[in-house]
């Protein structure tokens, strides 16, 4: 299809979609309205479950199955990336070119690594109380490790990052979520039922299974992001195809 | 039993997690055994659930109070469970097929392939069982993500990565459109469950006296877009031949066997549960939309299928054609149409997976899936040839295959349907039989590349890497056994007498808009007594025989000819360009087309 | 709407808007400068919003930006280093922006909050912001 | 009057999204995408969704740009090599 | 005003689609897909907004406070994760495309036609 024809098809499609969507918008309840039946029910249920952060309650209690699916999407895409970015038979691993990083930057990187990591852990741990949770904190924690690459150098990152361990933790985090859900079944209730004691409202141990599921997600996300970035880094810095002339020779 | 429903989805997830966690240290046979066990356990659970009365499972014990819930529900109705069971069985077959013969896994990840297959299974089972719109979106994405990774699995070659990319773009775009639609529905109804949303739409229609306004239609169109992308209906179908042509053979068996059908299932499920009531989309609009797209897909798929020389691509286009027929069956919106389509899907899954299995054997023996290159090379493997030809006849609708029975049930619904079904079955079956005759009998002339008649672009299937690492000398026993068992399954669908009755009852429950909501929200399952049902009739069997005979005739006529090209079809072939931009443009144009059809 | 929110609004329109303009045109260096400036301003915006809505817990977002914002900018300087060049236009603005902006936001907020854990958190964010701003503006200047 | 803030951020998000689409060079697009992520985080906070804002910040500020730029670098390596 | 957020969500969706369809670089197209997805966050959160309400987080607010809809926030959160993972996976495919085809311009990719 030529570019011109594609543009015509696209224009027709975009126009029709825009018309359809705009017509639908005129029928929507106005922005900022006060009618949110599901939301109101969810808030009541979350308070009854003594979880201060209602969003975490929805994610890890009321609609915990969605989060299981979401973690599986993350898990699957990491596994998929590992498979897609594997080193193939016609490629070799070369030592990455050393990069000279100024001392001030190195100091900043080394200093900020523990600080960022702590902030990440804080965000995970307070997931059921204040904004944050396993996913947000997990990504922050994983980013902290990569300060070693962006502010120090790649070998420093590789020393601090036993990849096998992170792959293990990735699987273990997913398995932990699945098994915590099964605890509900074993206790005689439904899958993913919140069967633990609910604790005191607005404390770290409140919410029953919510903090545990949150922690499982935190472990999985941290390790998943580390594994994901490890494969992108390896492709960009280490893996090289055999040169064309070598292959033909 | 209801409480255990989630395990059908969760057991494969746990299997995959264990395979990845143990990744480096688990030897390959152990990994494969664990995967097989997890898949089989899930299949067993689904089968046991099928024998019990239908049940629903509220996750987290957040059951409804006064018809409202804050949780997610899994619905174990017969059709959804049946699809989950079919998926799981096919996954077991695929794991057996790829046992020990599939190409070397990535270093240190012996369990990567089986783990991905298990995740795929979990995604499809979750999608089949969920009774919640957003949860369905999550599982749709899970299916998608695993699908892209599996399609691009053979990264050493050029075409798989391109096919996977195209698949990824079009499918994700469809998913996001659906999410917009779900957002619109949520704004209107304040609900996410299918039963709750449907009921809320009906109530608001009852209160205001108007149903099916622009918002509801837009939500319907946007959600339908994602499902039609999955179902590969024209003009959303472009990704399918590209992805199927390049994916590893075991993956093709799953993609064509069940994943594409999930799209049709989703369309039917969402329509009947959410939009079929007085507050939804008028039945005429929904019927027109599905019918037009179904018929066009069936015809275009058959036309494209006939002209392929790349055998996997040929089978892929036959999937487009047959999915078009499924959509046509669903479009009737009658219990009989759905029952027939369900039987047809069961038979098709067995036949199509068997055909891919045989093609995989050819690929592993000869390093090619090109009809011309393979000419006569299959003469020494009569067994594989017989299976391949039987698969072609099953596609063509030869009684007593399940495909034929399903088609017959659908055809009875309207006088013009037999013509469409016979034509499409004959052409797709004929194309497969033509390949069988050339490859396994050496009929016709050995084609050489340049002169094989092609007007317009085409994809050849030569110079492919066998998936077994190196070429195998004889067809591996597990591969042939799997293909034979799959065909036996397709045969059983048409010959086991009780099945049709059970499916008809299930279809009646499936099409019952109010009954579904009552069963899910009020705990009052509607009673659908097993009544009279149609089985084989003389007309149905006769039409099946006719289309099979036509397929054989077409194959016989064409086998000696040099050209497969159909005059005048070059512009259509040129549209299949493998270009992401083209396909995305067609997808939005499709949204426009569907909204026109739904509104008219 | 109170004064804190009004200040946040002014920062969004008068600060983030021009940053977007700067990030969308010009040389690669100028774009990275704009990105860096945007993360600095964003941190301040989050602090103002937390105060304006009376929700101290929103300050967690500022805390995260204070560490991840510089990390993001360093990603760009590290991987686009050969394109940005030394001393891209606009660099001069970075150091004064952070040295004036951070105290100008944090100090009034500390006064409003009074002594306590919230103030310690605010000062911590301010320190992180200044340290991050100093390092990134230096890294951007080097190119 | 709260509306003014919402409208300002919404317009900023729309502008950032449009600019991200119109940047044809992937490395430069990554910069605009990172700004889009920041703008979305502000929008989410203004819409009283700090949880989502935090997630968007975590993903959009460093991880996504890093992945995009590493991809760009890998692709350029291939192009820079003589055939 | 009462429709603006919804319309902007639609605008972002269409702009992203336009970008993918006209892209000459697959990395750029992946970026545009991310833009397309951000429309869904905007729509979901706009739908759940309530004027004058605060975040549904009660660690530093009284439990009697009026709050916005927490459900859409949970959905948007899931959506953000899904978006990031899809981006990663597609970028991995782009890396391999560059290796095996020597180009990432969709106009130059051939091999799957007809």
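Here are a few things to note about the model shown:
Each chain gets a letter, A, B, C, D and E, in the order it is written, and its residues are counted from 1.
Simple rule for what comes next: a contact is a pair of C-beta atoms (placed from the backbone, for glycine too) under 8 Å apart; a residue touches a chain by one contact, two chains touch by 3 or more.
Predicted model only: the values in this text are computed from it and were never measured.
Least step count on the touch graph, subunit B to subunit C: 2. Shared contact partners of subunit B and subunit E, listed by label, are A. Taking each chain's centre as the mean of its C-alpha atoms, the one that lies farthest from the centre of subunit B is C. The two chains most heavily joined by C-beta contacts are A-B.
Each chain gets one centre point, the mean of its Cα atoms, and the points for subunit A and subunit B are 30 Å apart. Centre-to-centre, using mean CA coordinates, subunit B is 36 Å away from subunit D.
Centre-to-centre separation between subunit C and subunit D, using Cα means, comes to 16 Å. Residue positions of subunit A with contacts to 2 or more other chains are 6-7, 10, 14, 17, 21, 26, 28, 36, 38-39, 42, 53, 55, 58, 63, 66, 69-70, 73, 76-77, 80-81, 84, 123, 126, 130-133, 135-136, 140, 143, 146, 150, 228, 232, 235, 241. In subunit E, the residues touching two or more other chains are 1, 4-5, 13, 17-18, 21-23, 39, 46-49, 51, 54-57, 59-60, 67-68, 71-73, 75, 77-78, 80-82, 85-86, 88-89, 91, 93-96, 99.
Within subunit B, the positions touching two or more other chains are listed as 134, 138, 141, 145, 148-149, 152, 155-156, 161, 180, 184, 186-187, 192, 574, 577, 579, 581-582, 584-585, 588. Chains touching one another, given as pairs, are A-B, A-C, A-D, A-E, B-E, C-D, C-E, D-E. Taken in their complex, subunit C has these residues touching subunit D: 1, 5, 8-9, 12-13, 16-17, 19-20, 23-24, 28, 31-32, 34-35, 38-39, 42, 45-46, 49, 53, 55, 57-58, 60-61, 64-65, 68-69, 71-72, 75-76, 79-80, 83. Those residues of subunit B whose C-beta lies close enough to touch subunit E in the complex are 134, 138, 141, 144-145, 148-149, 152, 155-159, 161-166, 168-169, 172-173, 176-177, 179-180, 183-184, 186-187, 192, 241-242, 245-246, 307-308, 454, 456-459, 573-574, 576-582, 584-585, 588. Those residues of subunit B lying in contact with subunit A across their complex are 3-4, 6-7, 10, 13-14, 16-24, 57-62, 68, 70-72, 106-109, 112-113, 115-116, 119, 122-123, 126, 134-135, 138-139, 141-142, 145-146, 148-150, 152-153, 155-156, 161, 180, 184, 186-188, 190-192, 213-215, 217-219, 221, 574-575, 577, 579, 581-582, 584-593, 595-596.
Residue ranges on subunit D touching subunit A, taken from their complex, read 49-55, 57-59, 62-63, 66-67, 70-71, 73-74, 77-78, 81-83.
Residues of subunit D touching subunit E in their complex: 2-3, 6-7, 10-11, 13-14, 17-18, 20-26, 29-30, 33, 36, 40, 43-44, 47-52, 55-56, 59, 63-64, 67-68, 71-72, 74-75, 78-79, 83.
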